[in-house]
Amino acid sequence: MATEPTLAPAVMEPVVISAAGLSYRHLNEQVRSAIRSGATEITLNDVMGHRYIGTGIHAPGVTIHVNGVPGEDLGAFLDGPHIIVHNNAQDGVGNTMNEGRIEIHGQAGDVVGYGMRGGRILIRGDVGYRVGIHMKGYRDKQPLIVTGGCAGNFYGEYMAGGCQVLLGIGQSDKKPVVGQYCASGMHGGVMYIRGELDGWKLGKEVQQIPLDRHDREFLKPVLEDFCETFAVKEKLLEFDRFVRIAPVSARPYGRLYVY
Amino acid sequence: MEYYEEPNARVALGLRRPEPGDWYHGYPEYHVERDDDKCIRCLVCVRQCPYDCTFYDPYRHGVYNVHENCVNCRRCEFMCPTSAIRMTKWGAGFRDNDNWKQKTIRTVYKQADSGAVSLTGLGNDREYVSYFDRMVIDASQVTNPSIDPLREPMELRAYIGKKPERHTNPPEVYPNLKAELPVIFAPMSFGAISFNFQRGLAMAAKEAGTYFNTGEGGLHPDLRQYGDHAIVQIASGRFGVSLDYLSNAAACEIKIGQGAKPGIGGHLPGEKVTWDVSRTRMIPEGSDALSPAPQHDIYSIEDLRLLIYGLKEATEYTRPVSVKIAAVHNVAAIASGIVRAGADIVVVDGFRGGTGAAPAVIRDHVGIPVEVALAQVDQRLREEGIRHQASLIAAGGIRSSADVIKGLALGADAFYIGTAAMVAVGCTACQQCHRGRCSWGITTNRPDLAPRLQPEVAAERLTNLLHGWAHEIKEMLGMMGLNSIESLRGNRLKLRGVGMTQVELDTLGIQQAGL
Amino acid sequence: MPSMRGNRHFIRRPHQEKDISACGIIGFINRDGTRVSGDAIIRSIANMHDRGNGLGGGFAAYGIYPEHADAYALHIMYDDERAIAETEALIRNTLETEHAETIPVHPNGTVTEYPEFRRYFCHAPDVEERDADEYMVRLVMRINAKIEGAYVVSSGRNMGAFKGVGFPEDLAEFFCLQEYEAYLWTAHNRFPTNTPGWWGGAHPFTLLDWSIVHNGEISSYGINRRYLESFGYACTLMTDTEVVAYIFDLLVRRHGLSFEQAATVMAPPFWQDIDRMPPDEAAEATALRQTYASAALNGPFAFLFGYNGGLIGLNDRVKLRPLVVAERGDTVYMASEESAIRVVSPDLDTLFYPVAGQPVIARLYSETAEKTSVAHGGTVHGN
Amino acid sequence: MKRVYPREERCINCHLCEVACIVEHSETKLPSAAYHVEGLRFNREDSRTICDPAEARAAGVPKPLNRTLVQTAGYLSLSTNCRHCEEPDCVLACKNGSLYVAEDGRVLVQEDKCVGCWMCVMACRYGAISRNPARSNVPAVAFNGINHHCDLCPERELPACVWVCPTNALVFEDRDDQ
Amino acid sequence: MNHVIIGNSFAALFAVEAIRRTDQDAEITVISREPQHVYSRAMIHEMLAGMVREPMVYLRDWDFYKRMRVRTMLGRTVTRINPGLHTVSTGEDETPYDRLLIATGGKPFVPPLNGLQDVAYHSFITLEDAKKLKAACEGRRNAVVLGAGLIGLQCAEALRHMGLDVAVVEMADTVLPMALDTESSQTIAKELADEGIAVHTGDTIDLIISSDGHPTECKLRSGGTIPCDLLVIAVGVRPNIDLAKDAGITTDRGIVVNEHMETSAEHIYAAGDCAQGPEIVTGITMPIPVIPVASTQGMIAGYNMAGKRRRYGGALALNAMQFGGVQVISYGFVKDERDGEVLKYVDPPRKIYRKVIIKNGRITGAIFVKDVDRAGIFRHLMEKRIDVTPFKEHLLSPHFGVAHLPAEIRADMFTRPQ
């Protein structure tokens, strides 16, 4: 008698894939097919510059561990999964990400969370230029990027929504917490920056404000999440070291044109 | 609802007083002539004017105009049930001067009034050479028969996307768009245009078996049903871009540039971001929607490749990826790079393309005509042996089926029509798109104006336009003895030039008429 | 040399982009390989005298050089001594020549002024069989494109093309075709309208052992030519028939398509028909159409395509030019007019009109596993 | 039966339906004559047609009146007219039986019988009946006027308002089966 | 099926039409005390004043009974109903019925007045009354109308129109005390005064002085005397329930009916002014003597009699009237402002007055003076018991219309046949 086909078990054994020798297309195909067959824990070993890891995957509840250095556009258009990078990441992390969570235990390159509209990116170390640009929030979707270290120029450029937190761990005279043109063109959302911030670096569309009670209430769980994720011992909850940066107007260029 | 004003709220009662800072409006440009005998005071025109130009004076029981507000949109003229209204130019205008034309003087006034960038809508309105208008088409006479398209099959179907270089068994298959005629509706975002218009475009695209392009404004939930006929755009602002948006569409298009304003981004002013626009773009209501020119993750061709393949990964290689660029000086080399970066479709948008809003100085002086760009791109891709790797869509300034035929012969696979589609549904080219109160309900979402264009009406008119063009294209194909557009595509022998220099002819790759 | 009197140039390319002509065509093949003299083909084509105007005619014959069967037979026409010298130097430098001679001609009737005709039986040196073909193609292209006053009429093994300005029956006499024996003959009677007849412009057009006689006009010439040029073909003859030959070459020799597939490319089924096909067939037809959109031949045409292995007839996809196919025993005839067949073979086993866009392929029995009738499509008429 | 139904999401508040209605129900069927010769001015406050008898008299001329009325609230507008109910409240209320349901289902008024008691105005829950002060069958006491409502343009295949509407915001169709 | 209808006014008329629409074969008999063709009692004052021609009084064409195939017994008075026998008796003969509709309307109430027994006075209910009054007007100068209800005022206005000096005496403090609130009745009173009608409110006739059977003077309770040579008593109308009562049918102020217009007796229905059916605002039963209610009840009764089960949602008191150049339309209970929110719009120079009373989000009363256009929407709001809170602030705007109603209500009104 033929046996009844059985459903895939609810919790599968963790899937381990070695990326060595695989093209990114094949690697991602393997990841997708693992997810389709029900995997919830996937570990990618020997990753070395493979692009698009997790890109365009709609699968809440899936965790992808990345060992090695992932390539560009990690988690682009991400829709649900939780990606943990145990090393540094390169450029384009979380490009136009919709939902999910990306943790990077090292540092990340340029253009993190471009046009991000949901989910959460946590980065232990520094980030490059143009981080969190064009970030957007809409209703219940409010993206969040927490950067442990320092950021380059154009941080939060054209930000239109969501939240960025820059902790500036390891900042010094030679390594300022954030580069120039911070928040230029920002017209929505909010950013919190910890540490010494020179006002001239800010775009003219924004202002610095000390934190109020709401800010503290918002930040506290965020910072706790960061510390827990990366096992950071540093005392981060000194709210007076933070400033809040918010746009003056939702319409920065309203008077630029004449009809 | 708060910012709605009764259209006749500005009752001037005949007393004109230009503001010190308003010289621009101090000199009316148009004159609304009203035949008082015919006017029945039904006030239809008063209710229809969104530019505060027409008002009713109850004391004189008459309808009057604040002429300096008139933009010559001609809505009142169109709607007047007794044809009592006629638009004319205001008087003599400024003293005749070919150098300092009316427009030039007025623009200087406007900027001196405000100190701001002069914004405008629609496409380039300057008197540049139209190469389309200097090309003529071949026809069969005696030696080879023309074909009667009424009886004979005539194929306009275009597959748009990458093709294999050679046939193999089994054949290589790449995702392609299948358009029943090589005309696609150009990217126009909801927000810049009304929902009704976009819906009309979608309905017409479905009906005619072609595609519409969402522009960079996201895909409205109500238009998801037309996803099979939607090309969705990804621009720097990433409005409404989500996995669902990408995978629900027929193709994804990366917008690098726009013909009307190469190198300039989009800027949807906050007042146009209504509730519906807001949920489509997934941004808060009333906030500016800024989409600057550069995609901030694309600063080089390899970055473009990164995004192209990012989109392919996200859609699991099931959708063609298009890249749209403005036609600029070295467009051939750029297009070649784009094809080599993996794009399945390259859109070249000429400088006559329309826009919802652009600084006039850029709209009028930047970019090149699509005809030459197209000729050069097609030639370059052929020379490099990569023409099959991508389809070529020409956009910006396609006004008629003749332009389509000529563009096909120059080498395009398909065409975007934007302004032509707007004109089809009533646009009078008054160039006020940027003001968000289009009197025809095309480029506005103001709730009192938007219903003026009904999706079914728009769809019907657009379908009619496409049918008309399709018939004309068929006639012209038949006339050339062809029964499939593939045999016209790149067939430059079917074109001859008139009134062009040899350099121009060579650039277009065609011969002088008579030879 | 009488043919080179005065300043006449027989191989001068007209500056016209392409030649436009109407024509009559005929071809037949003895599938068992029996060789017959040119008498029959001459009578056939002469029967269609009125389809031409005396400005062009030509023949292709397969199996005529059994003694040099393995050598490429280069038929070359020359305007002048300089061209001969230049060409022969090139041949000397690039090929191993087994035998060379002047093609015997017999001026008569309308054919009184003519170029010099020579033939060379050559081998490509030190190259593989497949590469040898490519080598020969390049050489032919080079002669045709680079050497003013020289033109390669044909270059295949064990076959030859004979063509020129005049009525075909006169040209047959001129080239003494009744003295050749071939198992496959094609012929062409030409009616050019707007070019002075030039000898190179006559049909058949050949490349290696492939020859085309063609009736009609390829309206898609412009794009076909641009497409072929991107694959390195030099379209020097300003005629659409040349394009057909090159497309065959590209598809069959270089891309390895079957003749059926090549025919599908050249006369593609309509999309509406593809939409009704079974999925597999539709997928292939779609792939072929998409891949080779620019190779599709649009416009009215009927052509006969000869090669060492057989004869293929193909109509355009709406059948705007006539083509009739008939069988008698082992012989398959394809012609513009039935009368041209009946004049040499009054009793036919079958006669039919091919379906538009579907090739009729008659192969030598030695090329096919079994004897099959060509009458697989079209309207079959009894005799 | 076929009735006129408004589609409010399409209405652009142009009031052309009213114009067409007036012209259709005018003596001359010429717009300028309907308004200028037969016509009358608009009410100052709200540009509705005047229903005040005194004002109408002051203006001196009888006028054809619109039988369809565009009602607005903010951005919303819709053209409303008689629903031609199956059991019309107006007929049930009519004081002297001058309103009746015709054979074809239309609700009509015998214009020479109506005495202008406005029981119909009171009864019509759609606000679709207006008062035409231009005619009166009762000479004195009060200036009465007569009942005035949509007659579905008996002389036309398509009622004028439907015919004229530029956005097809009015449709003339049979929805009885729905 | 054999239908018998007692009465020949609105309720009877619409009952006939409903029966005939439902049942082509039914026999219908109309028995009425009045000999006239079906006419409108609401027209008699215009008739009296000579403002309308007599045909305009009749509700239907002359061939109405013929078309409807109705057997008429006009000018015959029903003396008794025999529910057990299923017959009605007119004294001379018995008419059997399967279904019976009592639509006997109202009868005038005549108060006991000193001296009334000595004089000829007039009622003003029937066409007959009007004709008699008209004849009696000949040579008279001073008419006195007792009662400033609708009938009284209409009669007064008609008499005034005929050139008589008219005085109206009303016990209550205002004119039209039942139909209008104070503010609107004052407007009407002023309008009447402008027409030359003397209105004495809060007063009544103490004594009628007469000579030779004709009144000459009325002494008022307030002390004054008014000349009088023509006296009209129009104090009010009571439901005419005598027949029903005698037949043992349950009566209260009127004949009690349920929502199907059925009385307590089997196969006997009642409709119109004589009936006491459910009221929609309060939900309790009460007689509402207005035309639309009578017509509707008659129609409902007719359908039910003919076997088509129909329910009556309940009556709404509503009225339209005009005096001078002022139109008034009222709905529901316009005087009862207790526990209610009152919205008012007053424009005295133009005599415009609008009032709405809202209780628990529902409108319980509304009154419109002068500017009555589109007032009918309020009837809809009241009958459908629509919560008006969301658009309350627009209710009294001159532009208020269906556009202000919630979308679903608009859709209900304008997207399907009604």
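Every chain is named by a letter (A, B, C, D and E) in the order it is written, and numbering of its residues begins at 1.
The working rule: a contact is a pair of C-beta atoms (placed from the backbone, for glycine too) under 8 Å apart; a residue touches a chain by one contact, two chains touch by 3 or more.
Since the model is a prediction, treat every value here as computed from it, not as a measurement.
Enquirer: Moving only to chains each one touches, count the minimum steps from subunit A until you reach subunit D.
Expert: The least step count works out to 2.
Enquirer: In terms of touching chains, how many steps apart are subunit B and subunit E, taking the shortest path?
Expert: The distance in steps between these two chains is 2.
Enquirer: Measuring centre to centre, with centres taken as mean CA positions, what chain is farthest from subunit B?
Expert: Checked the centroid distances; the maximum from subunit B is E.
Enquirer: With centres defined from CA atoms, tell me which chain sits nearest the overall protein centre.
Expert: Per-chain C-alpha centroids compared to the overall one single out B.
Enquirer: Decide which interface, D-E or B-D, involves more C-beta pairs in contact, and give its chain pair.
Expert: D-E
Enquirer: Could you find the chain whose CA centre sits the greatest distance from that of subunit A?
Expert: If we average the C-alpha coordinates per chain, E ends up farthest from subunit A.
Enquirer: Quick one: subunit C and subunit E, Cα centre-to-centre, how many Å?
Expert: The answer is 106 Å.
Enquirer: Just the number, please: Cα centre separation of subunit B and subunit C in whole Å.
Expert: Measuring from centre to centre gives 49 Å for this pair.
Enquirer: Taking the mean of the C-alpha atoms as each chain's centre, how many Å separate subunit A from subunit C?
Expert: Centre separation, subunit A to subunit C: 67 Å.
Enquirer: So the centre of each chain is just the mean of its C-alpha atoms; given that, what is the distance between subunit A and subunit B in Å?
Expert: So the centroids are 37 Å from each other.
Enquirer: If I apply the definition of touch given earlier, which pairs of chains qualify?
Expert: Those chain pairs which touch are A-B, B-C, B-D, D-E.
Enquirer: Spell out the residues on subunit D that touch subunit E in their complex, using ranges where they run on.
Expert: Contact set of subunit D toward subunit E: 1, 3, 5-6, 8, 45-46, 51, 53-54, 69, 71-73, 76-78, 80, 83-87, 89, 92-93, 95-98, 113, 115, 117-119, 121-131, 137-144, 175-176, 178.
Enquirer: Which bits of subunit D are touching subunit B when the two form their complex?
Expert: By the definition above, subunit D touches subunit B via 9-16, 18-20, 23, 31-32, 34-36, 39, 41-42, 44, 47, 74-75, 164, 166-169.
Enquirer: Show which residues of subunit E lie in contact with subunit D when the two form their complex.
Expert: 13-14, 40, 42-43, 46, 49, 51-52, 55-60, 157, 161, 291-292, 295-296, 299, 318-327, 329, 331, 372-377, 379-380, 383, 394, 398-399, 401-404, 410, 413-418
Enquirer: Under the stated contact criterion, what part of subunit C meets subunit B in this complex?
Expert: Per the stated touch rule, the residues are 17-18, 20-22, 193-194, 216-217, 219-224, 226-227, 229-230, 251, 254-255, 257, 261, 265, 268, 270-272, 283-284, 286-294, 296-300, 317-318, 320.
Enquirer: Touching residues of subunit B toward subunit C in the complex: what are they?
Expert: Subunit B reaches subunit C through residues 140, 142-145, 147, 152-153, 155, 157, 159, 163-167, 171-173, 176, 382-383, 385, 387-388, 409, 480-484, 486-494, 511.
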